[in-house]
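Structure provided below as structure tokens; questions to follow.
Just so it is clear, A, B, C, D, E and F label the chains in written order, and each chain counts residues from 1 on its own.
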Amino acid sequence: MIRKEKFGDEILKAHILVEALPYIKKFSGKTVVIKYGGSAMLDCNLKKMVMQDVVLMKFVGLNPVIVHGGGPEISSFLKKLGIESKFVNGLRVTDEKTAEIVEMVLVGKINKEIVSMINELGGMAVGISGKDGKLLKAEKDLSNGDLGYVGKIVEVNIEVIEMLIDRGYIPVIAPVSFGDDGKTYNVNADTAAGKIAEALKAEKLILLTDVEGVLENVEDKTSLISRMDLEHAKKLMDSGRINGGMIPKLKCCIKAVENGVKRAHIIDGRLTHSLLLEIFTDEGIGTMIGKECFDDDNL
Amino acid sequence: MIRKEKFGDEILKAHILVEALPYIKKFSGKTVVIKYGGSAMLDCNLKKMVMQDVVLMKFVGLNPVIVHGGGPEISSFLKKLGIESKFVNGLRVTDEKTAEIVEMVLVGKINKEIVSMINELGGMAVGISGKDGKLLKAEKDLSNGDLGYVGKIVEVNIEVIEMLIDRGYIPVIAPVSFGDDGKTYNVNADTAAGKIAEALKAEKLILLTDVEGVLENVEDKTSLISRMDLEHAKKLMDSGRINGGMIPKLKCCIKAVENGVKRAHIIDGRLTHSLLLEIFTDEGIGTMIGKECFDDDNL
Amino acid sequence: MIRKEKFGDEILKAHILVEALPYIKKFSGKTVVIKYGGSAMLDCNLKKMVMQDVVLMKFVGLNPVIVHGGGPEISSFLKKLGIESKFVNGLRVTDEKTAEIVEMVLVGKINKEIVSMINELGGMAVGISGKDGKLLKAEKDLSNGDLGYVGKIVEVNIEVIEMLIDRGYIPVIAPVSFGDDGKTYNVNADTAAGKIAEALKAEKLILLTDVEGVLENVEDKTSLISRMDLEHAKKLMDSGRINGGMIPKLKCCIKAVENGVKRAHIIDGRLTHSLLLEIFTDEGIGTMIGKECFDDDNL
Amino acid sequence: MIRKEKFGDEILKAHILVEALPYIKKFSGKTVVIKYGGSAMLDCNLKKMVMQDVVLMKFVGLNPVIVHGGGPEISSFLKKLGIESKFVNGLRVTDEKTAEIVEMVLVGKINKEIVSMINELGGMAVGISGKDGKLLKAEKDLSNGDLGYVGKIVEVNIEVIEMLIDRGYIPVIAPVSFGDDGKTYNVNADTAAGKIAEALKAEKLILLTDVEGVLENVEDKTSLISRMDLEHAKKLMDSGRINGGMIPKLKCCIKAVENGVKRAHIIDGRLTHSLLLEIFTDEGIGTMIGKECFDDDNL
Amino acid sequence: MIRKEKFGDEILKAHILVEALPYIKKFSGKTVVIKYGGSAMLDCNLKKMVMQDVVLMKFVGLNPVIVHGGGPEISSFLKKLGIESKFVNGLRVTDEKTAEIVEMVLVGKINKEIVSMINELGGMAVGISGKDGKLLKAEKDLSNGDLGYVGKIVEVNIEVIEMLIDRGYIPVIAPVSFGDDGKTYNVNADTAAGKIAEALKAEKLILLTDVEGVLENVEDKTSLISRMDLEHAKKLMDSGRINGGMIPKLKCCIKAVENGVKRAHIIDGRLTHSLLLEIFTDEGIGTMIGKECFDDDNL
Amino acid sequence: MIRKEKFGDEILKAHILVEALPYIKKFSGKTVVIKYGGSAMLDCNLKKMVMQDVVLMKFVGLNPVIVHGGGPEISSFLKKLGIESKFVNGLRVTDEKTAEIVEMVLVGKINKEIVSMINELGGMAVGISGKDGKLLKAEKDLSNGDLGYVGKIVEVNIEVIEMLIDRGYIPVIAPVSFGDDGKTYNVNADTAAGKIAEALKAEKLILLTDVEGVLENVEDKTSLISRMDLEHAKKLMDSGRINGGMIPKLKCCIKAVENGVKRAHIIDGRLTHSLLLEIFTDEGIGTMIGKECFDDDNL
């Protein structure tokens, strides 16, 4: 029929919308905590696409919560101020001056950029830090020696996040924490995302990274693991076959799943629309970790 | 990049989802009354696609309400019972016996088929008739002479529909009405859809038909009107250039828009996913009628 | 006093209203599921009285829910269509064609008649079938051999009923069920009423029948049992002294009481205002079955 | 039929219940303010019947509010304390000492007796005075000279009453008022009932009196007026044909209707169940006053 | 600075307000049941101050509930009526006549005086008795022989109190109770306050008395106990070193704490602002009894 | 009495609490927008006291909202980064680089310091910027020539603030605004506070400044105006007798009062507890501006 040809492209598009229906249905009303960082944060184009994905998720009924890192912007800003960045085991040594700059960059710059972008794309975001509504309480993390104001989270108070979700906002969280000592603590964004996901009893924790996912064999690029259960994940951790940078991320996922998050995902933020691809397709694109069986993942 | 190639198709699909975002946003929480009838009701495949479109609309935040006709099934059933179908001006002469059969087919067969199909596709539908909760009150329509129990709607009570929408259900309505005389009245489904859309102050009234839309020149298939304002529509009505079957449909749309429905659409139900195409694309596929200007239709 | 004589009749009436007070108080806010069928459905006068009773119950604070059968109307309609009614053990053999007709008569005719009558009497009814809101899910019942689309209920979803009750409506239910296979199943109305009463944790399940109640001795018309506890009822079932038609009804009552319905009643629908008599008088008129003791029935 | 004979009386009772249905329906959810006083308060039997009527009204969906007087009990108590009762134009001269005793008898005795009786009959009553929640503010009424702490109501604050009604309680009000001067004022119970009915926008104000109603001709016992509109009532007031004791009562009714109460009734509290008779029968038993027409009183 | 001198006094006052902050914070939203009686009830000045304290408590976020006694006013009124007061073990022998007078004085006089005073001071009080909303059900207390209508509380129904608190009112309770026998029972106000505190799961029960608190050694005025745990309190009770009048008060406190009230206080009502002093200062002014440890009392 | 002496100080304190009662009552539930800046922001001690005052206000029932400036910290930070501060008419010339730093200091440093301090003092604060929830939309302010990203507010969306207030939080607002052009605009904090107060229909707008208030005669330090109505305020504005720095502040107050804020205050932030003194004392300490009359200010 002539008409069908004329509208061929549009009909195809409609088909694709309808294909997403089972996923939309499945995750309707569910909370998804997204750790946003790495390349997806630096490339202007990717940034916008991530935020489009987030706004779409919100409009089709999911409740995305964003926890973001800071990365290179912090170092670059410290440099401008003539403050040297020191690292121990890949962790930034954080004196009071540095902690202040970290907070300014995370809360006063990156957080607001994300908020603005979401708002421009038609969502409604509110950006907060771990100090607001006493969201994240930390104390000094001494597990790698005394690195100054590097904290570990000891209490999560999700009241503000729940209020924002209830009222239709997308919470954007800069994981700067407060201590009972009145000090500001810098905490790891992956860990913060994990802890928040646990407290929210989230359906999903998704870590946007700069790798394709977890590899069964770190040397074999084709050995990407699509799905694994806790047992598999723990064995892998113990095997020593995991890449250094992946270790804390996998640990964070395992902990989250152990503490009630249904699925934890490590996905490639460098890929366009990786969030949608992971959530709205059967196969996914990265690595998904769940407690035991995945029977209920068959739509 | 290799990865991008690998996921090329999926990324394209994600792009398409994101393209729908502005429309999803625009119509979020809005009510759309759909008159379902004609070919879209007979072809099994089309039927399923219409219902998929409806369920998708629900899940991405719109509130679809379906008003359905009966058409050929009624005649075929009457025939089985040896009751002859008589028509005056294209309107069925409806004695008490016929009215009873019309009700049984509409309420007891077609309505439940639609409900079942929506439920199978993952939505939650509740089917009611114009008698339930006193939804549609009618009295004898004598405008074409006495055709028996052919009614015109004199009162609409949308309380039940609003309750169903509020609680996440998709209302499916068989437009069989009650009279103060305790009788059952058969009313035109287009008109019923229009009246219900008015009472709900719906964002859209969409009539699924077996034509492409309204033609400026009934003899010129390429003269489809994409958008027209009330003035244009009324002039066209007066011009006598409208096809006979289109007249009541256009009248119904004009009235609905005059009484507060924001946009009325006449679209081609024979086209796959015509509902999605009309709502989720800029150009649309049929004819849209609005009060005055369409400035706010530019996304 | 002169005045008192003048208003003698009215004062008597007022006395009678006041006599009902303890019962009204006792059942205020309680749910009563009524299986409506048999003679009470055929006689025009009785029909109206049953519905008056139901509306009165609603207005004085009870929550009546009606589940109706179809009976003779179905057979008569099948006959008109030249479809022969076959029965095995008193159960209708139901091929797809027959199932379709059953649904049309129950949902499209009888259900709407009840709804209309309640509405005319001042109540607000909404009629639904077991497909609406996925109320009744069934699968093929093979306990009497393969009788076609005769189903047994495997899942009850009372969300819609509760919503209707909450908002002041009287739910009227045609017990046509859906299967996971997309088919329509005809289920026994008594059983459906019982299952719904269980799911609603109803105060009462009342079966309107064409007999006076349960007889201790089937041959002795004066041996009507007014009240019996579960033990008594089960013994009677096992005794073989029960009339054939009564067996499934008594079974249904026993099951309902075992599953949490407080009282199940088998009453004579042929008697004027039997519903009110059973609920609003101490002695009642039929047979009441309760779990153990009836101490709290003494007002 | 034998059965019908056996249950003849009960069926008659059920008929009578059903006869009340249109009235129950009509007044469902409506507020009725009842001035309780006179003989209906003194005779133990009548007392109980009035309260039964009130509880029944509550259970069938009306919202009764009782405002009571004190009458003879006050005088008798003052006498016991050796305080002489003085009257000017039928109004009690009320010094501070007397005001205190009036309050004690009304609030501490009569009010609690009514509350207890309602509670015993299965209702839930809460008794308050005009001081509670600042319900009734008064100032000295000098219209009959200075009679001491005789007040006229200048402000009504119905918040507490509405709260009690909302939560299912029957408010019982002793019309003792507070003044801005910190003093206690005795106010007329009829007037208080009228003012409260106005503030509540009540459906009905009912004054229980010791006469049959308003007579067209005070000398002709058979000239009882069943219904009159405001114009009629005012003419009668001006005619001088009204009995002295009736004047303030009729005035109070006229004012209430002028200020928005739909119907005001003057009925004979000496008659058994006079409240039910007036509300639940067409003819009523006393005098009903309405704004203009009574068309909507035809059920 | 000059300005500071000028506003010196005001600044000091502000400092004092701020000093109260930790206490306000600590008790925000908590319920405090206050037994009001003794000297604090007789002295006009003290009376006003107690009520000011209560209103302040309400406005800064606590929920005070007042239970009052009657004391000397009852005896004086009985005397006026020529009724002799008889006492057995300090308990008033209460015949029906006496019970009536007790109720009139408590409910119709003292209760309303308290309500008026609170209202004048800007709070909103509603006064009720134990009969209203079936708050306090009692039966004859025979533990000291048959003293007539002296009751012990057997059931507490706090629904009305909770409703009043929810809506911002201060409940004022005259502890006159009803019996299932339809009689009025006089109950001890301390005990009533305790029972109500238990039912409300109150944060605090405060007994305003005419002594400074509990003394470790009844002969040593300086041995006031500021805080004691249950064990300490019980030992003291058993030691026989407690003054006669204190015994029932201490018993009442012990019982309340055992049944879930967090802290019970016995304080000196003769002291100006004793309520505020006990609640809003660390040291307090009387005796506080708690379950076990007081660690959380350190602000 | 000995006891009274012993507790003399405490009793005095209680007296002072009670003295605040009329003010607490008067402003209960009212919203107060406080512009926090100047010396009160720099002195560590004053800072803490202001925040204590704010927390106290919250706990005694007011709804404080804080809008803060940045002042010297911004300049000092720009200096560290080697960016020179340029001013035109006292307004900072703001290029994109500067706007970014302003945002980082206001949102990422000062805002969080205020939030932390309030949280430490027992309140619950949430800090947001004008971008969050689209609170403040601005466009370039060209009234003083093109100063770069200096904005004037064109839209206020208080939804987030109202949500925070409703849930018991103290909103702390950094007045950094977004433009439709996606840019960040620096807006004047006084003006932002005024606009927010208008949108909230606040009871009070309070500007904390470094002067005592408005002087009738700028040269006469003793000519402080305690209260003035709009007319007075406008005359003063026109008189030219106002100090330069005061002009925009007075303008802002006039506009706020014209647009519905009940009272605007200019007070001396250098004075200890100036907020409490202004709100909780009759005389106040600064200048109060109201629409017309102040009769209702007499407690």
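The criterion applied here is as follows: a contact is a pair of C-beta atoms (placed from the backbone, for glycine too) under 8 Å apart; a residue touches a chain by one contact, two chains touch by 3 or more.
The structure displayed is predicted, hence computed values, not measured ones.
Chains that count as touching both chain C and chain E, per the definition above, are D. At the interface between chain E and chain F, two copies of one sequence, more than half of the residue numbers in use are shared by both copies. The contact pattern of E-F recurs in C-D, the pair among B-C, D-E or C-D where over half of the contact pairs coincide by residue number. One inter-chain figure worth recording: chain A and chain B are separated by 43 Å, centre to centre, where each centre is the mean of the chain's CA atoms. Averaging Cα coordinates per chain places chain A and chain F 37 Å apart.
With centres taken as mean Cα positions, chain D sits 55 Å from chain B.
With centres taken as mean Cα positions, chain F sits 68 Å from chain C. The set of chain C residues that touch two or more partner chains is empty.
Because contacts link each chain to exactly two others and close back on themselves, their graph is best described as a ring. By the touch criterion stated above, chain C contacts chain D in their complex at residues 3-4, 7, 10-11, 13-22, 24-25, 28, 49, 52-53, 55-56, 59-61, 121-122, 212, 268, 270-273, 276-277, 280-281, 285. Residue ranges on chain C touching chain B, taken from their complex, read 80-81, 100, 103-109, 111-112, 115-116, 119-120, 124-129, 131-134, 159-160, 163, 167, 169, 176, 178, 182, 184.
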